[in-house]
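Both complexes below contain chain A, partnered by chain B and then by chain C.
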Partner chain A sequence: MDCRAVQRHAVQRHASDSGRSTDAMIDHGLLVQMLIGALLGISVYLPLMAGQLSLATPAFYAVGGTLAALLSTRWAALGASADGRFPLPSFLLEVLLGGVLAGLLALLVGRLVLRLQGIYLAIATIALVEIVRVAILNLPLAGGAIGIFAIPQPFANAAGYLLPALALLALAAWSCQRLESMPLGRAMAAIRADELAARCMGIDTTATKLSAFVLSAVLAGSTGALAAHFLNTWNARQGSFDVSITTLAFVILGGSRSWLGPVMGGLLLTALPELLRPVGDVRLVLFGLVILLGPVLFPQGLITPALLERIGGFGRQEAQG
Partner chain B sequence: MDVLLQTLLNGAAAGGVYALVALGYTLVFSVLGVINFAQGALFSLGGYLTYLLMGGHISVSGGLPGWGLPIALPFAAALLLAAAGAALLSLLVERLAFAPLRRRNAEPLLSLITSLGAGLVLVNLLQLLMGAEGYAFPAGSLAGLPAVVSLGGARIRSVQVLLLLICAAVVLLLTLWLEGSRGGRALRAVAEDPTTARLLGIDSDAMVRLAFLLSGALAGLGGGLVGVSVSLPGPYFGIGYGLKGLTVLVLGGLGSVPGAIAGGLLMGLAEAMVPSGASGWRDALAFAILFVVLLLRPTGLLGRRLVEKV
Partner chain C sequence: MRRCSAGLAAAIGALVLIGQQSDPAAQRIQQGGALTIGAVIALTGNANLYGQDQRLGINLAQRWFDGRPRTAGSPAPPRLRLQLEDGGSDEATAIAGFNLLINGGALALIGPTLSQQAFAADPIAQRLGVPVVAPSNTAQGIPQIGHYISRVSAQSSVIAPLSLEEALRRDPSIRRVAVFYAQDDAYSTAETEIFQEALAARNLNPVTVQRTQLADNDFQTPITAALQRNPQLVVISVQAVAGGNLIRQLRELGYRGQIVVGNGLNTPNIYPICQRWCDGILIAQAYSPDLDTPINRTFLRLHQGVNPEQPPSQMTAQAFTAYQVLAEAITRLQQQGRLQGANLGQARSRLMQELLSGSYDTPLGPIRFRADGEVLQDRFFVAEVRMQPDGRRGRFALVRDLSLASKPATSPPERGSP
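Take a look at the complex of A and B:
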């Protein structure tokens, strides 16, 4: 599976880092990966706040990642620096551009697909993911199945990525929290509770759903740009159907009533295959079992509304009937 | 002309397999209103079971290198047994991934995740047992059948004809059964309205199990047929067919049997028409067609229009 390749790669990367690392117990690469998982979880959660099951996150993640990989390897002006390291401003610019490009694509596609409802929307977005994957695979610039290699590094080791990933996650979580008390967030909650009633109350449901979709895409695109540098290599398989389901699992297992749910789900489920590494090849079977049994044992996810109530409404979405 | 005939037949054969997978989804969707993502894994299972039942051995990278069943069945028997095996496993998937959620009236969304989890477990168990690389069926698997037949000047692989015929027969039988038999009508009654069906004395839980049993058998058949006509490229190969089947399902309209058949044929033929120069794009074609169709007709080609009720 694709996540295996990512993890294997990340492990190789910091196998070479460990010499420089001060604390060998802390696996910085894994931490960054977990943060990327949490970011993608929030990206799936955002349309869900408006009741829309979109699985398009990997498509936007792939678009952002491919853009960053292409810009940093093909555009010499971005990489010019005295110390031979990829300049930080260029890296940040790519993270921004990845989000913008993904957002524009979402604006274009969202108008069309958001007319669909429920499972039809989910399947249309899977179709989008597959179309984007094959398009990137056939893009002559993007290196086909092998992909783009040697993406330049703005940091000396994996630990350097912790700060930008954390900052992006904090920004995303803060925005979700802010949304709850903003007209847009309330409109999203109203649509989730009852789309028809929301429309009757005068909420522009199309614009609201589109906003949620675009926000989700921007976050996924920026995350992709960050991930492309972190992983050092990028190919079309980074955004595939598997990722659609894995990221949905982040939200379902974490809990879909607050942004805290997808963050917890993303952190835990990204770490899990890595923590299971000692059991060897059986770990993917065990990972499947967790996905199979998780929703049966925790139908509301780990972060349940009751739990949120107890910790003081922190990160809680508007109570729903 | 020969090339056209060949292309059409290839497309129809592929389309027949897509239709089998889509019909499997349709059966489950019509009674439960959910999609069983384990379908692709059952497809893989069907292929590998057929291989083993025909006397195939596990390769060196598998969990039991060199091991094989002590029997070597002819293709027809192996295919039927493999379909039965996939059907039984499909029942197990229902028991583990769907029944507990249904008992608790959980969100239908959850079963997307649980069924995919079941599929992941199955595919990775297959990978542990059989290894990651592909298997080809031994030459002469279809004893007594010439490899190539000549039809109106076109040379056609006979296995493609066989595949098309089997798919057509299965689809026909299933349709007749659904339309005419008592069990088929009971199944359709549950699909129409589970509560009323229960009041009429139909055991709707048994019908749900029947739907899973049949859909598993369809997936198993599809896997065995693709295995013998092409090869088994690795345990994940069913997932790709599962996804294509999903697009066919939506293309034809969720829950529509004629839609699944028409959608499958359309998809297979469209893929076969892709010129070899653009074969890299072939995998996107199915999804591109789906995308366009959904935008023009949001409930699929032959689906019912949904009326929103207040």
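Take a look at the complex of A and C:
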């Protein structure tokens, strides 16, 4: 048997073995990862509501995660026990603090970076991601390249994280939905349509864009705090440029015209590599094809305004009937 | 929009319900049924070079175990089924792989490839009481994650300084040492600390420490800066692909002195990268193909059957060993009748006890485990890369075979691994 034959044998064995366990593939751990993906998708979507392409989400995600990892492992007052348990109120406090710290950072840097537009803003936010990554990497408290490990657990298993993740997603989705009918949301939509016209109409575009940027950061920071506990460990790699691209892909595939798009994109693109395990070694090739073909087949994303209108219209017709 | 939101909420709710499954730990072990050993190794991402070696090692071990001759009258060996999953090179994929295998009823797990992944995935196995044998995690604190976590990969705090000693033995006049490491890589930063402590212990302070990045492939700037300090020895702690490029560029830019490399370059996969420029680099290893023991000869024969061109790497041997120790412990359990009538949770617990109490004759040499799951290995090796004239093939030629007292508990702390 030559090397290729052994590898072929391994691939076949791999495929068949994985196939047997397909029913076990959507477990609670994967669901939590999907929800984290959806939350990060909304975080990228929020600045887009105001027409701003910001890729800074991973920076704020990393800030929230690092804060939670540091607090839970180094601040005994939060109540981490020797057997690795962590009080639920302390965990919720960290999720809150993660969001607050990320929001403050966004407030600080937002005024500077939001002077830029389009691709220049995207580049500036990528730079922010790199600055935060290198800062965390060189922060002695954050454990350097290996990061912080043995992060205590507020729940006995992955299922426990479902409730806070779902609650956070519901809150984020509800906020996005409410925003659309609030003055701030309408101002964001106006800026997205035409920033100059919006300014002429008396909209404070700087404050509006900054609000969207800060909201995005708060959500990413809180998600990072949740993810740090879920992952058991945290390091500078969690907030890298790769994550910027991944989260942007959530919005591009899902659609950027409603909050449902990035949620759908985040859920699908996080789950897909795992759901493709039965096909073996080519799973990431297929995953790449989906990312490639998605924008070709669905240029406006999976969730488009037309689709929402159709579903809404269908609902109205049904009600009338 | 509300209709869509409601649909999405219903879909997520349905997934939550689908995700709820009966606990496989409560399922009874079927008499004569196959027992699953799961493996989560890096087949994608930047650690995939190690994962390919590990996959080969695990597959060879499976063939070795399935093909072992049975002595007359002895009970039938257990039927083992290998389920191998890609753990990627990140934490989330490793966690997903572990969850998949544990929910699928794996008796024990091998992996993950990287220590950073182990810190994420091992606590899950520990909480659910699933034995884990790590084939390549050398970070401090891995066995300490919990009772169910063990490893067959010796800490490089014991091994790494041996190659330095060999370099200094060859040229005792060495005074000027240049150090390279990847600043954003856990393994590299941990190993360089060990190297630099070992240098300091010999009164050799580095004349320059060059920090690179994990994804770097062009090292001309740090090399030029280092060569201005006229180093007599270069010590490198980076991952395989970057290391191959770094060595090649060092030689191309005129460095002719000795090169000592760390565990990240402990794979023949570096040969095609640095080619003839690999020749002469020194590396300390936990495995040597030149070890003349029956099990290593068998391992070499199996390896030659699939890859006649080059001898096995340390990663392959350690992965083979991880499967071997699990298979032997399961066999002993079955022979003692301790799997009869047990459910999966009980079987996992008994397997862990049996695993830690045994001694194993492996391709790495004789090994056993400390009570906390730390491997106790006595034999280590220093090898020199010798390339064929064509510059495409090479081998780790054994230059020193060292027998050390196993004292991992008292060894200096270490924080990283490939």
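Operating definition for what follows: the second predicted complex is superposed on the first by the 279 of 321 C-alpha atoms of A that agree within 3 Å, B and C clash if a C-alpha of one lies under 4 Å from a C-alpha of the other, contacts with A are read in each partner's own complex, and residues count from 1 in each chain.
FYI, a contact is a pair of C-beta atoms (placed from the backbone, for glycine too) under 8 Å apart; a residue touches a chain by one contact, two chains touch by 3 or more.
Remember, predicted model here, so these are calculated numbers, not experimental data.
Engineer: Using the superposition described at the top, determine whether chain B or chain C touches more residues of chain A.
Structural biologist: When the residues of chain A touched by each partner are counted, C comes out ahead.
Engineer: Output check: A:Arg277 vs chain B and chain C. Expected answer is one of first, second, both, neither. What do you get?
Structural biologist: It touches chain C, and chain B stays clear.
Engineer: Is A:Leu196 touching the first partner chain B, the second partner chain C, both, or neither of them?
Structural biologist: first
Engineer: For A:Leu137 in the superposed arrangement: first (chain B), second (chain C), both or neither?
Structural biologist: both
Engineer: Touch test for A:Val285: chain B only (first), chain C only (second), both, or neither?
Structural biologist: first
Engineer: Based on the superposed arrangement, let me know which partner A:Asn157 touches: chain B (first), chain C (second), both, or neither?
Structural biologist: Only chain C is touched by A:Asn157; chain B is not.
Engineer: Taking the superposition as given, does A:Gly255 touch the first partner, chain B, the second, chain C, both, or neither?
Structural biologist: Touch status of A:Gly255: no partner.
Engineer: Between chain B (first) and chain C (second), which, if any, makes contact with A:Arg115: first, second, both or neither?
Structural biologist: first
Engineer: Touching chain B in one complex and chain C in the other: list those residues of chain A.
Structural biologist: In the superposed arrangement, which is not itself an observed complex, chain A uses residues 1, 137, 281, 284 for both chain B and chain C.
Engineer: Give the list of chain A residues in touch with chain B in this complex.
Structural biologist: Contact set of chain A toward chain B: 1, 53, 112-113, 115-117, 119-120, 122-124, 126-128, 130-131, 133-135, 137-138, 196, 241, 245, 248-249, 252-253, 281-282, 284-285, 287-296, 299.
Engineer: Considering only the defined contacts, which chain A positions touch chain C in the complex?
Structural biologist: 1-3, 5-6, 9-10, 13-14, 17-18, 20-21, 23-31, 33-35, 84, 137, 144-147, 149-150, 153, 156-159, 162, 166, 170, 173, 177, 231-233, 235-238, 258, 260, 263-264, 267, 273-274, 277, 281, 283-284, 303, 308, 311-312, 314-315
Engineer: Mind pulling up the chain C residues that touch chain A in the complex?
Structural biologist: 1, 3-5, 8-9, 12, 15-16, 18-21, 43-44, 55-56, 59, 81-86, 90-93, 95-96, 99-101, 103-104, 115-116, 119-121, 123-124, 127-128, 139, 141, 145, 182-186, 188-190, 305-307, 415-416
Engineer: Contact residues on chain B for chain A in the complex?
Structural biologist: 35, 37, 96-97, 100-101, 104, 106-107, 109-114, 116-125, 127-128, 236, 239, 243, 246-247, 250, 254, 280-281, 283-284, 287-288, 290-291, 294-295, 298-299, 306, 308, 310
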